[in-house]
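Two complexes follow with chain A in common, the first pairing it with chain B and the second with chain C.
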Partner chain A sequence: MTDTLTRRLIKELMEFRKDPAPDLKDLTPEKEDDILVWKAILEGERDTPYEGGQWKLRINIPRNYPMAPPNIKFMTKICHPNIHFKSGEICLDVLKNAWSPAWTLQSACIAIRLLLSNPEPSSPLNCDADAETRWATNLL
Partner chain B sequence: MVSELSEEDYIDTYDEDNGSEMSYYESETEDILDDPDDDLNFEVVVAEKDRKKPYEVDFKVHSIEGIVKNQDEEVTHVANILGILKEHAATLLRHFRWNKERLIERYMDDSHDVLRKAGVITENSRATRVIRMPGFVCEICCDDDDNMLTLALSCGHRFCRNCYEHYLTQKVKEEGESRRIMCMASKCNVIVDEKTVGLIVSPEIHERYRRLLNRTYVDDNEYLRWCPAPSCEYAVECHVPQTSLTSIVPTVECACTYRFCFGCGLPDHQPSICMLVKKWIKKCEDDSETANWISANTKECGKCHSTIEKNGGCNHMTCRKCKYEFCWVCMGPWSEHGTSWYNCNRYDEKSSQEARDQQAKSRASLDRYLHYYNRFANHEQSAKLDRELYNKTEKKMEEMQQTSDLSWIEVQFLKKAVDILVQCRMTLKWTYAFAFYLARNNETEIFEDNQRDLEMAVEQLSELLEKPIEAEKIAELKQQVLDKTVYVASRREVLLEDTAKGLLENRWDFQVNI
Partner chain C sequence: MNSQTFPLLIPEDTEGSSYLGFITIKGQEIPFGIHIDQRNARNLKNAHLRGSPELCRLVAGQEHRLEQCSTLEEFLIDLKDLLEQLVTKEENELMRSGTYYSTLLEELDAIGWDKLQSIDHALKNISLRIKYIGQHALLFACREAITYNHTVFNVLISHSDSSGRQHTIKVILPSSYPSDPPIVHVDLPTSISISLHSKSGLRKIISLFQEEVKQFQDLWLLLEDFDNHTWVLEPDKPKRSDLMRRIALGNHCSLQIDVDVKNPRGICECRLFGSEKTVGPLQDRLNKNLMRWDQSLTIRQNLEAILEMNFPSPLTTSKSEFNVECGICYSYRLNDEIPSQTCNNEKCGQPFHRACLYEWLRAIPTTRQSFNMLFGNCPYCDDNITTMVVEK
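Presenting the complex of A and B:
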């Protein structure tokens, strides 16, 4: 399995270098000798409160990847209803039970970026931010 | 010995007679019913013990093999009606949680929509085949070996066989998933059918997959429930819908002899209905341990009803919560006391009277609860002790066989008596939870009379069973125990029958909303 895992991750890296998604500034293994820990840098989308910001993500890849989803966390603090303010945990279905092996690290990062502009107030990890969102939505 | 044998013979022949007689009557009745010209309406003769009691429900116990067979029959049935493959019918049925009628109805309405939502593609030309495909690169492991085996579900998303095997193993083994394993492509909801799973995974994983499927069959089916007894593998089928649980207590008995309520899965709780049982258990968890202590050691704030324990000498109390100042002795407001509490002579003051009334009321409700709870708990405890009586009874039974000329079969009455005793205690226990929620009226009085009769009989039987055996009085004891056992069982029946009828007729008034 390790062989396939390495092969797959190398291909994902090449793919990102060849055709990087906008707003995804970086997606590489953190260290030369460990291909199972990656980092990514997300840029805040335009016309959202997150515009101009940069967030670092840490990606821990399990041995049975891509059968099991990668474990992704925010290293930079972020205020968002679905992201734990202290631990950086992300509540997103594709990183849990809706994961499919056809997803890649890149597509997972894009899904997280989409979550930034489209929060899911019904499953909050950060209740205060959630309350703010609800309150703000009510005002509109 | 000779006389015993002849007695047994007699019983045997009597039974046979009885049996043949019954079937004779039955066949006669059928003949008559078949003949439309005959106005005579004979009722079918049913022995008293076979007649269904109002508090009993119909149920069936299934073994694992039976469940597998049932599943297979339903799948075949649907496959024949809809004209689709069996594995597809199975996926559809699982999607509809084994509601066959709804599936067929919807399918007839709009088969495309049903198939799409359930993740089934029925076109035969696209059935799953494991093939070699030169030049193919698997998107998941990025392998491009020409000899690699590949497969695609009917949706056409092709991956290599190895990846599929890892994927399915992961799903089945790590995630415990079975009925909703989807195609590996993202956003494709086509279900990996049973046949494909069998084709790919190892026998060990396949075995687990089958077990999980059986489990979901029972879990999904409204009319099936696993027996909750530890390591029991039977499932019980009972056609009492969730909506009628307010008027029926569907008590079933598994083949392993465990009795439980089909509605909520808790141990037998006749005659209380599930909803009251739930309420009662919650109340007991909240209250019972501390309630006694609270009632003995505390008083309530006259204003916010917080429970207060007095931990110092002064009687000038200030409630921590609402800052209400009052006198511990008379419970009246402190403002009326001036500055010296020992001149407390407010006994007849209106306000302190009110405060005491309020408190008396809440204490009375606590008292009432404790009355029922103590009896409830007492029967539970006694039932536990009575179960220990089993071991003692076994010894007693051996003793009896040795000290008298009674045979093994003839001392079984003791064991049966203990069985009935424990069962009656369980029933009694739940009558207290039921009574707690009953409103005071004539119906309740009848209920309490029945309860009292059963309780008295149970205590008498319990006493009899604990008596030491005296050799010369064994025959007498046997007679007494037999009589009492029958009496107790009939009292229980009367109580359960009346309660069940009352529920059906909506005769009981509850203090809570149902």
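Presenting the complex of A and C:
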């Protein structure tokens, strides 16, 4: 693992702790000895069917982050047109081909929370395979 | 237990699992204690040895040898053997370097030492704080690092020049000194031939150094003028040998100067960094006014006049306003590079390391390449951004 990746992730963690987004209950590495696996806890937005709910996300960070997006999945079962019920996979452009290093783990989680209250019926679950391939080659 | 071999050992308890005593090595009694795990009395694998720091230092790394003994007596004989060997070895090393010490001490006398601050009985740590009788105060600290095969002496000489700057000369004396010359490290803008003359000893090294230091007084004054009155972005911690400074101008702009060591007051090399919009007007002023360079002013004063601005100063601004991190890796310094690629969109102005931006742009299908330039979009504002291909 490169120092620069660790450095960026630690800064993201500090940034979150300093100024956490209101509906992001937690965002932190899962274990002390692996900074590439994080967890996040989302709270459902008020006045939506998701109000009062809590969802756990698992974030796997690729070694070439932030060149490639993090891999984020729902660990809590959720019924949503853009989230795979069984695998927890999320279909969101930001996590695929609209990703840029300007995004952070925190802003990606916020985008996911917004997706909860604003589903994208036009983008079905099986997201474009092109983007997946592109990141796969980048990972090498 | 054979009390003939070890008359100085007494049991600490009735079970015979703990003993306390002394072990005699070369006429010196070293205190120690041993605890044996009775459940496992057949060998001493779990035996635990307690002792003075000196004893622990000697047996460090040798425990495996002692673990192989099957009886306490065997263990103690082995321990005695081992300690005697180790002590003899250290003594020999000290003997060999006898001439070395006397030469060093003679030399210290010659330079004008008048006081030896401390020296421990085993000659393992010597620290000398000696006042130099004369114009300069010198502080010497000598430390010896003993390893198994050779002895190295580091002498740090701190010298204060006519402007009160502290300089350090680091002299490494090999164990074969004085037949082999010392290695001299100094922090000066030019590499001087001190090492060549170093056969002549510490005294000569110091006087050569003083000569060198004299000729750089004006150069250092000019560079310190930057260090004290501007925000120096690079180098991180300027050394006396650094002739380059990169200073913050604000608006994600910076100016790099390289001072000519032979003519420090002359026109120096200048390079501007930043987005085209902000650098353009500054470059014009630089071209237009450069002829007004005045050798009686400092470099900073000249450049402020030429660029028609006052450089941001530590008195009025904080450094965090200028050393803005790279938008990709979130660090400022990456392999000694600072974020020098700035987005030209004035509202964005996000800086990036060249390497980071290149790494990002080359992975994007819409990025175009022409010769060694990449044309793509800023990861932050999506405006056009250009960067050079980075060779790996």
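As a convention for this text, the second predicted complex is superposed on the first by the 124 of 140 C-alpha atoms of A that agree within 3 Å, B and C clash if a C-alpha of one lies under 4 Å from a C-alpha of the other, contacts with A are read in each partner's own complex, and residues count from 1 in each chain.
By our rule, a contact is a pair of C-beta atoms (placed from the backbone, for glycine too) under 8 Å apart; a residue touches a chain by one contact, two chains touch by 3 or more.
It should be emphasised that the depicted structure is a prediction, and the values quoted were computed from it without experimental measurement.
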| item | value |
| --- | --- |
| Combined model on chain A where chain B meets chain C, clash or fit | clash |
| Which superposed partner A:Lys96 touches (first chain B, second chain C, both, neither) | neither |
| Touched partner set for A:Lys31, first chain B, second chain C, both or neither | neither |
| Touching partner for A:Ser107 - first (chain B), second (chain C), both, neither | first |
| Partner chain(s) touched by A:Pro66 [first = chain B, second = chain C, both, neither] | both |
| Touching partner for A:Lys11 - first (chain B), second (chain C), both, neither | both |
| Chain A residues contacted in one complex by chain B, in the other by chain C | 4, 7-8, 11, 66-67, 100-102 |
| Chain A-touching residues of chain C, taken from the complex the two chains share | 327-331, 334, 350, 356, 359-360, 363, 365, 379-380 |
| Interfacial residue positions of chain B with respect to chain A in the complex | 139-143, 157, 159, 162-163, 166-167, 170, 174-175, 182, 184-188 |
| Residues of chain A defined as touching chain B within the complex | 1, 4, 7-8, 11, 64, 66-68, 97, 100-103, 107 |
| Contacting residues of chain A [partner chain C, same complex] | 4-5, 7-8, 11-12, 66-67, 100-102, 134, 138 |
